[in-house]
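As written, the chains take the letters A, B and C, and residue 1 is the first residue of each chain.
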Amino acid sequence: MSVALASRTTPRWTVGLGGLLLQRLFQAGLVAWMVGTLTFVLTRSLPGDMAYRIAAGRYGHDMVNTSAAESVRAELALDQPALTAYFGWLWDLVQFDLGRSLVSGEPVITELWHQLGHSLGLAAMAVLLSLLLGPPLGLIAGLKPNGWLDRVSEVAASVLRALPPFAVGLLLILIFSVSLGWLPAAGHGRTAHGVLPALTLALALAAISSRVARNAMADVSQSAYYAFSRTKGLNERLSFLRHGLRNAAVPVVAYLGVQFVYLIEGVVVVETLFAWPGIGHALVHAIVARDVPMIQGTALVMGLMFVALNTVVDLLCHWLDPRRRSA
Amino acid sequence: MSPYLLQAEGVTIRGEGVTIAPFSCSLEAGGRLTLLGETGSGKSLIAQAIMGTLPRGLAARGQLVIDGEDFDAADATSRRALWGHRLALLPQEPWHALDPTMRSVSQVAESHRHVAGRDRRAALQAAWADLAELGLAEAGGKLPGELSGGMAQRVAFAAASAGGAPIVIADEPTKGLDAPRRNAVVELLARTPEAGGALLTITHDIDVARRLGGEVVILRQGQVVERGPAQQVLAHPQSEYGQRLLDAEPSRWPRPQPLGERQAPVVSASGLAKSRGGRELFRNLSLEVSPGEIVGVVGPAGCGKSTLGDMLLGVMHADSGEIHRATGHPLGFQKLYQDPPAAFSAHWRLARLLDDLVHRHRLDRAAIAPLMARLGLDENLLGRRPGEISGGELQRFAILRVLLLEPCFLFADEPTSRLDPITQRQTLELLVELARERRCGVMLVSHDPALIERICDKRISLGGPASVTKQERDPAMA
Amino acid sequence: MKALASTPARRWTLPTLNGRQRLGALLLALLLAFAWLVPWLNEADPARQQLTRILQLPSLAEPLGTDHLGRSLLARLASAVQLSFGMALLSVASAAVPGVFFGVIAGWHGGWLDRVLGSLADACLALPGLLLVLLLVAIAPGNFWALYVGISLVLWIEYFRVVRARTRVLVASPQLEASRLLGFGPFYLFRRHLWPELAPQVLTLAAFGAASAILAMAALGFVSVGLRPPTAELGLMMIELLPYYHEAPWAMAQPIVVLFVLVLSLNLLAGRDPR
């Protein structure tokens, strides 16, 4: 939801499927380049003797000596001229050599691998929940625009859209963990731990998708082709199934691409709030600890996840809307 | 049992500023009834009241007998079960009435399957057979967006009539179609009464009403003005309005005054060629327009009529060929548009727009008042915005605006195709009169050959079999 | 020709708002009045700690109570709203101006210029917005300007895309062609044809953009990577007060309610989402 520097990625539909995938591939390259460049600037802008600080972080203050600092300096290429270092930095990135965490000393890839599993699990659960909540509600509301269900769901969506995910999460914690004691507030391990964070994200997503579905369905139900499907003799159920659902689904699915922005952004905040050991949590930690390789790794994976999800949306749209296949 | 397939008894419609006076009709097997009227005459609402599809806020009253069964018009849902089976509705604008994401054949097959109750395979076979019979065998696999208006109309016809309903209601079935397509649709509609059904057609097109025959009802502002057999009503109308409506047919318009002696052309072109999207529109086209001359352009949709005019105006470039425009008129080349509101910004009062023009070119304000009077434009209209006056008034305002610049050439791109017939006649008569008077050459595009035939000094027809055919006819010389 | 002889005086007419938008405007006005009137009437310092008076209930002296360091919540909330709204206004303005400008240029000119600007916007969009802001903030931690630049960098694209798409349609429209044939120049075309069509959409985007900016700042504060204490910032206040939820639920609720009303008022004011 709206921790939403809502940016919209609408690929141009005039190109075929191949071109579409190529565009997404290009976007993935762009993501890698931007993350690489920004994190490179970050290493160069860190105050003080970076190498000593990092070495201190890694080996403890007592253990820092010149040789430890030198090895860190070499590892981060802090001793090279900026341009050389920059290309070296990008070259490592291209080879997926993300280095080691400055905090734990573990290879970044290993850490990411663990975190990605947690984040994907959370995201999948959230999307699934939101799809169960939002679109069905929206479709029903859209069949009778301005009916009571439409109005109630509109108010609910407006309220949810005005509450950032961390506030929704806080409220859920206060209600379900602190007051009722039904669910654990933080941590992970059992399924129960995932319920509140997933619900937080799902509510945010459903607030939007229900309105998108409602508007799409309202447009469809007032369209000439929907009226014609009824007057030509199909009953209400068949009209809805054969002509309503698919046409309303096209904008809803297309909008999922936009929603994934909210999802990725929500993951950062919600994981931190619920201490969920995923990528978003790790990113925030890395920023606080100034763990540059981890910042790069987590940001990269989140950016690529975003591109991958959008590619799935592209494929879904392509499959749903025959107009795009014929174009 | 009543001998009639469709009977309406004192049907009235009320609500939201609409009142339709009691309307009655009876159609037996083989009967044809046509409701004729301008936009806002309420003709479509009567069809919707019979179907039970009136928009929210409108309520019908009265008695209906459909296929031997009695219905109360007030209970809109009571006819729901008849749809497709006994009562079929041919939609307006078939392009929009077909599901944009479903292939044509499936839209016909689903009627066979779910309305006529055939099984899946039989339904599909029947759908292909229907399409083949309508000359659409190759269109079955296409989406509506890939069909032409005429093809979409036939697909919609097949989808609506697959259920075998004996009563067909056609709401403006020829809207937006050019003359040959229009006649094809009329033939299609005539099949229903020929097969023993009943046909109720709603149209604004007198020619369609005449071709369909049967009974004609002329409506105006919700009132029946006149009714009777088509041959009689459409030849010798008794009412004053009926007479005016009939007089609005281009074939009855008076011929314009002769052009007189031709002067040096205001614009001339030679060897013009243009392709669009890999398709050649025309080649080696030559023409000239003299001051005061009206040159008509006809041809099917998409043949490049607007493109030709835009090239003469200099808005678009030709692929090859030469265009010469008369010198000394930097603002002398102007255009009138098909959809008057689209040619104005909706946000400003007309007075403001006129002021802008006067300021920009230091025009003489004294010229405005007489011209407005001449065009039948009331001063009060200037206080309104483009969306707040009628299409006819706005088109006349567009003519006013253009004439203030004293143009030597005016490209009129279907300027009256969105207007009602009576307004169309009035607008074009004024245009021709003023063009003659002010020695302004006009190129007039229309999809109605009869109209071009009547008022133009010369005709260019595009999109013929040999890419371009050009005929000249000059009544002034004849 | 009376109507013509006297040109109607140029009047600024307020855009007509529907009921929902009016409610939004009212809520926003109340909140802003609160934020600017409170410091004016009551000279409490949002940073002054009084460790003897922590987590006090609302009283006459402290109408909204005090926080865990004994700071006046009234003063802190007023200061936080000023900060959030000021930052939102600043980033919306610096996003809207180039966004609209480049959108009009790209949509009008088309061709290579359109492609270059379009690619630039696509590049800014490749990363989800908050991620880009996070990375910029990581470079300059706790810095207001890094936050502002990041948010503006993400927001301008929205204006650019909407304006470009609309301009492209309008430039090809009969109304523009007609005015051009009548001899009017680009400035006139923009003022009479483009701006009236674009303005409502730009205003809607501005309201949504302001809400997004406020939420982003609060989110970053909440996960402790945004502005640093002791700044009074809504997200930061929430995370600071969270541990004291049991002792002082009213204190915890205040920044949440204020953020909610602020964002709700902007969302209501925006009207229907043009996207």
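The definition used in the following text is that a contact is a pair of C-beta atoms (placed from the backbone, for glycine too) under 8 Å apart; a residue touches a chain by one contact, two chains touch by 3 or more.
On a predicted model such as this, the values are computed, not experimentally measured, just so you know.
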In terms of CA centroid distance, which chain is the most far removed from subunit A?
B
By C-beta contact count, A-C versus B-C, the higher one is A-C
Could you tell me the distance, in whole angstrom, between the mean C-alpha positions of subunit A and subunit B?
51
List the centre-to-centre spacing of subunit B and subunit C in whole Å, with centres computed as mean CA coordinates.
48
Whole-Å gap separating subunit A and subunit C, where each centre is the average of the chain's CA atoms:
23
Provide the residue numbers of subunit A that touch subunit C in the complex, in ascending order.
2-9, 27, 30-31, 34-35, 38-39, 41-42, 45, 158-159, 161-167, 170-171, 174, 178, 258, 260-261, 264-265, 268-269, 272-273, 283-284, 287-288, 290, 295, 299, 302-303, 306-307
Which bits of subunit C are touching subunit A when the two form their complex?
122-141, 151, 154-155, 157-158, 161, 208, 211-213, 215-216, 218-219, 222-225, 235, 238, 242, 245, 256, 259-261, 263-264, 267-268, 275
The answer for subunit A against subunit B in the complex is residues 223-225, 227-235, 238, 242-243, 246-247, 250, 320-323, 326
Subunit B to subunit A touching residues, read off their complex:
51, 53, 83-85, 88-89, 91-93, 96-103, 110-111, 114-115, 143, 145-146, 156, 159-160, 162-163
Which residues of subunit C touch subunit B in the complex?
1-5, 7-8, 173-175, 177-179, 181-184, 188, 192-193, 196-197
